[in-house]
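So, here's a batch of structures to check.
Next come two complexes built around chain A: one with chain B, the other with chain C.
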Partner chain A sequence: MTQIALHNINKHFGAFHVINNVSLTVEDTEFVVFLGQSGCGKTTTLRAIAGLETIDSGEILIGGKPVQDTRVEERDVAFVFQNFALYPHLTVFENMAFPLRAVRTPKAQVETTVRRVADVLQIGGLLNRRPSALSGGDLQRVAIGRALVRNPKAMLMDEPIGSLDAKLREEMRVELKRLHVEQGSTTIYVTHDQIEAMALADRIVVMHAGVLQQVGAPEDVYANPVNLFVAQFVGSPVMNVADVTLAEDAGGARVTVAGATQGFAFPSALLGQVAATGPANRPLTLGVRPEAVRLTLQPAPGAVATEAHIIEPLGSHDIVDFRIGDATLRARTKAGFVPGPGVPVWVTLDHSRAHLFDTATGQTLGIRL
Partner chain B sequence: MAAVRTRGEVIRHRLSVTAVLVILLITLAPIFWITATAFKPRNLATTMPPTVFFEPEISPFVKLFTKRSQLREPPTEEVYNAAPWWEKTVFDGGEKVVRSGRGEVQPSGYPSRFLNSLIVAITSTVLAVSMGTITAYGFSRFKVKGEDDWLFFILSTRMLPPVVVAIPMFLMYRAVGLNDTHLGLIILYTAFNLSFSVWLMKGFIDEIPKEYEDAALVDGYTRMQAFFKIVLPEAATGIAATAVFCFITAWNEYAFALIMTNRRAQTAPPFIPSQVGSGLPDWTVIAAGTFLFLLPVAIFTFLLRNHLLRGMSFGAIRK
Partner chain C sequence: MSDLAIRNLFIIPTIVFLIVFNIFPLLYSLGYSFTDFRASTNAPANFVGLDNYRTLLSDPFIWRNFTITAKYVIVSVTGQVIVGFGVAMLLNREIPFKGLLTTLLLLPMMLSMAVVGLFWKMLYDPNFGVINYALGLGKFEWLADPDMALYAIAIADIWMWSPFVMLLSLAGLSAVPKHLYEAAAIDRASGLYTFFRITLPLVAPILMIAIIFRTMEAFKTFDLAYILASQPTTEVISIRLYKMAFQEWQTGMSCALAYIVLIMVLAITNIYIKYLNKVKER
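Showing the complex of A and B:
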C-alpha cells in the first residue's frame, strides 16, 4: 500500500534548474514511466525520491509520510541502476542477500527468500557465480532480484534495460511487465525509449528541461499530445510537423503548408475552433502522425499532389518520404504500395487525427474534428 | 592474440624481447652479487677478478647473528672439537664467538635492528594506507571546498627532498624526546607516505562506480557500512599496490633512520653498513645482512603480486 506523492519539487545544479516545480502522485501498485531525453531531470527526480539526491524545496511523500529529510536507508525503496551496480566481489546469492543482511534477517530466512526470488526470475542456477560471469540479461535479473527480496515499498528503476541489446531488451520488457503484474509493487521507471514507455506504463510522465510536460495513459499521450515536444518525442516514426497557414475556401477550410501551392481541404468547423482559441492568422504548426497521412496513386478530391522521395521498407509496412512546400512529410503505407522513388502520389490527411499547435508557444489548440 | 604480424613487426618484437632481457640482467646483477657474497668464505669475497664458482658456506650468517672478536692465536684442539659445527666456521675464519661468563652466546645487534625495521615499516604502512584511504574517499566522494588546492598541498609535501628537513626534524625530535624511538620513526614514515597514499588511493577510489554505494544505501546500509562492505573490498587492489609502495619506502629509508636513531629504535639500513667500521670490513657479513633484509619486501610483493598486476592496469579496461 504505497502511494508516492511529489509536491512542487525543485532542484538546481548550480544555476541549472534540473527539476522545475514537479508535482505528481503515483498510486499504489501503479507502473509509472518517466520519459524524456537525457538531461531532462527524470533520473534526478527518481534519485530524489530514493534519497540519493537532496531537493531544494518541495515535499516527497512515500506512503503518506514526508521523507524529503530522511536518509536513503530509511526510505525503504528499491532502486535498479542502469549499470546494475552489482557488487563484483560478491556472488549472485550474496548480492541478492545483501539488503536482507542490512536488517539482520535470520540466516534460514535469507536462504529461502533469495531462492524464492531467484526461482521467480529463473536465475536459481546462477547463485554461486560472480557478476562478471553473467550475461547482460542475467545481470539485469539479479539486479531486479536484489530489489525484490526485501518487499520494498516501491521499485525505482533507472533505465534498467538501457544497456542491453535490442532483442534482449524486448524480452526483458515483457518480463518486467509480467513481474509487475505478479508482484504489484508501486513502480517508477525512467527511460528515454518511448517504445519501452508505451509498452510498460500504466501512465507516462513526459519530462523536458525539468518540467512535466504531460501525464497520462500511453494511448492518451500518443493520441493527444499537449505540445509539440510531446508530439515529436512520443511515437515512432516521429509525428510530421509543418508550419501552415489557414484560409477559408469554398465553404470549407484550407490548410496550406508553408511554401506549397496546394492546400489540404478541412471541414469548415476547423475555422471556428481555431478562432475560439485566438487570432486565426497567428503562426500555426500542423502535426500529423504518419499513419494519419493517406497516399493515393491517382488524383483525389482535396488531395495535394507530390512525388515519393525515399521509401523505407520495414516489412509489415513502408514509410514513404515526400516533400510538400518547405516541409518533408512521411506517410505509413502498406508494404510495396508506392512502387518506387519519383512516383507521383496524392496526399490527404485524416482530419480526426490532425493536430494544430500554436507555433509561438508550442501548445496544442486542442482542436477535435 | 594471434593477430597477423608483418616481418618488420616480428623483428621489432625480437629486438624488444632482447632489450628486456638485457635490462633484466643488469637489474638482477647486483642482487646476484649480494646473494653470492652472502655465501662466500671471507677470503673469496674481495678477490679480483671476482670468484664466481665457490663452495657456499653458512659462516657469514653465523657471524651476522653473533658477537665476535679476533683470535690472537688459533683455538686449542680441545676447544675446537668441543665447539658446535657453526662455531667451528667462525674459528675457521680466524675469529671467535663472544660468550658470557656462563657460556651463553652473545647475539649481534642485527636481530633487534631487523625487528625494529619490521615494527616501523609495518606500522607506518598500515597507518599511511588506512589514513590515506579514508582521506582519498572523502576527496573522491564529497564536495570539499578548495579540493584541488588541498590535494596540491598534500602533494607538495613530497616536492622537496626529505633530507632537507632532516636537521630541523632532528632538533624538534630531540626537544620532544622522540629521538631513537619507534614512535618517532613511525610518525616520520607515515608522514612521508601519506601524501603518496592519498593520491594513489584517490585514483583507485575514483574508479569505483558511485552506484555501488548508492545501491548499498538503498539496500539499507549507512554510508559507513557501505564504505567497509563495498568500497574497501572493491579498493583491495589499490590498497595492496599502495601498501607495497609505502612498505618499500619505509623499509628502505636510510637517511632519517641514520640521523634519528642509534640504538634502541635503529632500523636495519643504517646498521648493516655500520659493521664496515668494526675491525676489517667483512663484506660477507654485510652481504648476508643485506640478503636477509631483501627477503621481507620480496615476500610481501610476491604475496600481493596478483593485486599489483591488476593495480597497474586498473581503470584501463571499461567493462
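Showing the complex of A and C:
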C-alpha cells in the first residue's frame, strides 16, 4: 500500500518560484498524470518526490512516512527518465539487474526476476545487447524494465515516451496502461502531451507556473475546466475562447462576441447564474469546444451567420475556421460537411457545453445550463 | 605563390627536420647496433652481427637495471594514478575557485625535470630538508639509503606527474552524464558500488591513455633519477644506457641496448592499446 502525499511543498530556483505551495494526495495503485507546459514545475515536483531535488518547505509522505529529508536511496521509488539514463557500458541484462545487484540480491533471484520482467516487456531476446544497439522503443522498455524488477513502492515517470516518434508513442502508451493494470503500482507520470494524459490517467493534475490548476478525472477536467488555462491546455483542437458581452433579450439571454453584430441566444437562466457570481456587466470570456459548435448550411433560428474560412480535413472529421466579430472560432463537423472556404454557414452553440470565465481572473463562473 | 608551393613551404622544413634529427639517427644507430663501433676512437666499425644483443641479453647486470626500472615504473605510475584520480574525484564537483585550483595543481607538470630534481634534492636533504623536518625523521638519508632512494625518486615523479593523470581523469569524470548517477541513486546503489560499476568503467578508456603515456615516460626516466641519486639501486635502464654510450664509449653496444629498450616500450604500449580497445568497445 503506497500512498504519496504532498503537503504545501515549495521550491525556488533563485528568484523563480518553481513549485508554489503544491498539495496533493496520490492514492495507492492510482495512475496520476502531471500535465503542463515545459517549465511549469511538473518535472521538478516529480524529481522532488524521488529525492533528486530538495524542497524549500513542505512535507512529502510516501506510504505515510515523511521523506523530504531522506536520501533518494531510502525512498524506494523507481524513476523512468526522459532520456532513459541507461548505463551505456552494460548490457540490457546488466542494466535491468543493476537495481537488484546494488542491494545484493542473490544471483539466482536476479536471473529469474530479470528474465520474467524481460518477458513481460517482450525484450527477452535483447538481453545481451548494449543500449547503443537498441531502437528507441526498446530503450524505453529496458528503462521501464529496470524500474519494474524491484517492485518499487511507486513508479515515477518523467515524459518516458516523449522522445519517441508519434506512432511508437501511441503503441507504448497502450503498453504502459496495460503494465499499470497488471502491476498496479502507484504511478506518477509527467507529460506535456494532453492526449497522453487523457489516455493514461486515473486523475490528471494540471500545473501552470508552479501552481496546481486543477486535479480531477480526465473527463471531468475536459468537461469542466476551472479556468481559462486548463480550458485551453486540455483538448485538441483547443477550446474556442472569445470576449463576450451579456444582455437580456426577448425573455432570454444574448451572448455577443466582441465586434459582432449578432449574438447567440441562450436560456434566461444564464443571466441569473451569472448575476449570482458577480456583476453581469464585467468582462466575460466565452469558452466552447469545437465539438459543441454546430454549423448549418441553411439559416436556423437563433443562429449567427458567417462564412467558412479555413477547412482542415482530418479524415474522420473536419475542423472549420470562421470569424465572428473579432474572434476566430473553430467547429468540428462531419468530414466534407462544408464544401469549401467562403461558403456561408450558420452557427449555434450547445448551451450545456458552453463555459463562461471571468476575463480578469480567468476563473470559471461555473455556469450549468 | 600557388597553394602547392605554400603547402610545401610549410611541410618540407618539418619533414627535413624529422628526417635529419629522427629518422636518420634511428636507422643509423640500428646499423651501429650490429657493430663494435666506439665513438671515442678512430677505429673503423666492424660488423659483429647479433653479438651485442647476445651479450646484453645474457648480462645479469643489465637485467638488474631492467628490474629496477620495472619496480620504478610500477611504483611511480600506480602512485600517479591513485593520487591523480583521487584529486580528480575531489575536484569533480561544484567548488569555489575550481578553475584556479585546477591550474595551480597543474603547476608541477609544467616545470622542467631538472628543476624538479634540484627542488626535491633540497627537500630530501638530511641536514636542512623540509621533509625530514615535517615528518620528524631526524637525519634520515632519503637519497643515500640504497633501499629508499628509488622510492624517493618515484615520489618526486609522482608529485610532478599526478597532475597529468588528474587532468585526463577530470576530463573523463566530467564526461560521465549526471543522469547516470541519478539513475544509480534511484536504483539504490551505494557510493562505492556506483564508483566501481559506473564511474570507473566509464572513465577507464581515458585513464588507460594516461597510464600508457605515464608508463612510456617512466620507462624512459633519466633526468630525475640522474639528478637525485647515484646509487646502484637507482640505476634505471636509461642511466645505464647513458653511461654505456657516453662514459664507457661502447657506442655499438649502447645502440643495441637502446633498441632493446625501444622494443620493450613498444611491446608494453601495444599490450595497453589492445586493452584500451577492449575497454572502448563497451
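We take it that the second predicted complex is superposed on the first by the 369 of 369 C-alpha atoms of A that agree within 3 Å, B and C clash if a C-alpha of one lies under 4 Å from a C-alpha of the other, contacts with A are read in each partner's own complex, and residues count from 1 in each chain.
Convention: a residue touches a chain if its C-beta (ideal position, glycine included) is under 8 Å from a C-beta of that chain, and two chains touch if they have at least 3 such contacts.
In this text, all values refer to a predicted model and were calculated from it rather than measured experimentally.
Clashing of chain B with chain C is the outcome of superposition onto chain A.
Touch criterion met: A:Arg130 reaches chain C, while chain B stays clear of it.
Of the two partner chains placed by the overlay, chain B and chain C both lie in contact with A:Phe79. Of the candidate stretches 6-14, 96-104 or 258-266 in chain B, only 258-266 runs into chain C once the two complexes are overlaid on chain A. Common to the chain B and chain C contact sets on chain A are residues 50-52, 71-73, 76-79, 81, 83, 85, 87-89, 98-99, 102-103, 146, 150.
For chain C in complex with chain A, the touching residues are 177, 179-180, 182-190, 193, 197-198, 201-202, 282.
Chain B makes touch with chain A in their complex at residues 209, 211-212, 214-222, 225, 230, 233-234, 236, 319.
Contact residues of chain A toward chain B in the complex are 47, 50-52, 71-73, 75-79, 81, 83, 85, 87-89, 98-99, 102-103, 132, 146, 150. Interface residues of chain A facing chain C in the complex, by the touch rule stated above, are 50-52, 71-73, 76-79, 81, 83, 85-90, 98-99, 102-103, 130, 146, 150.
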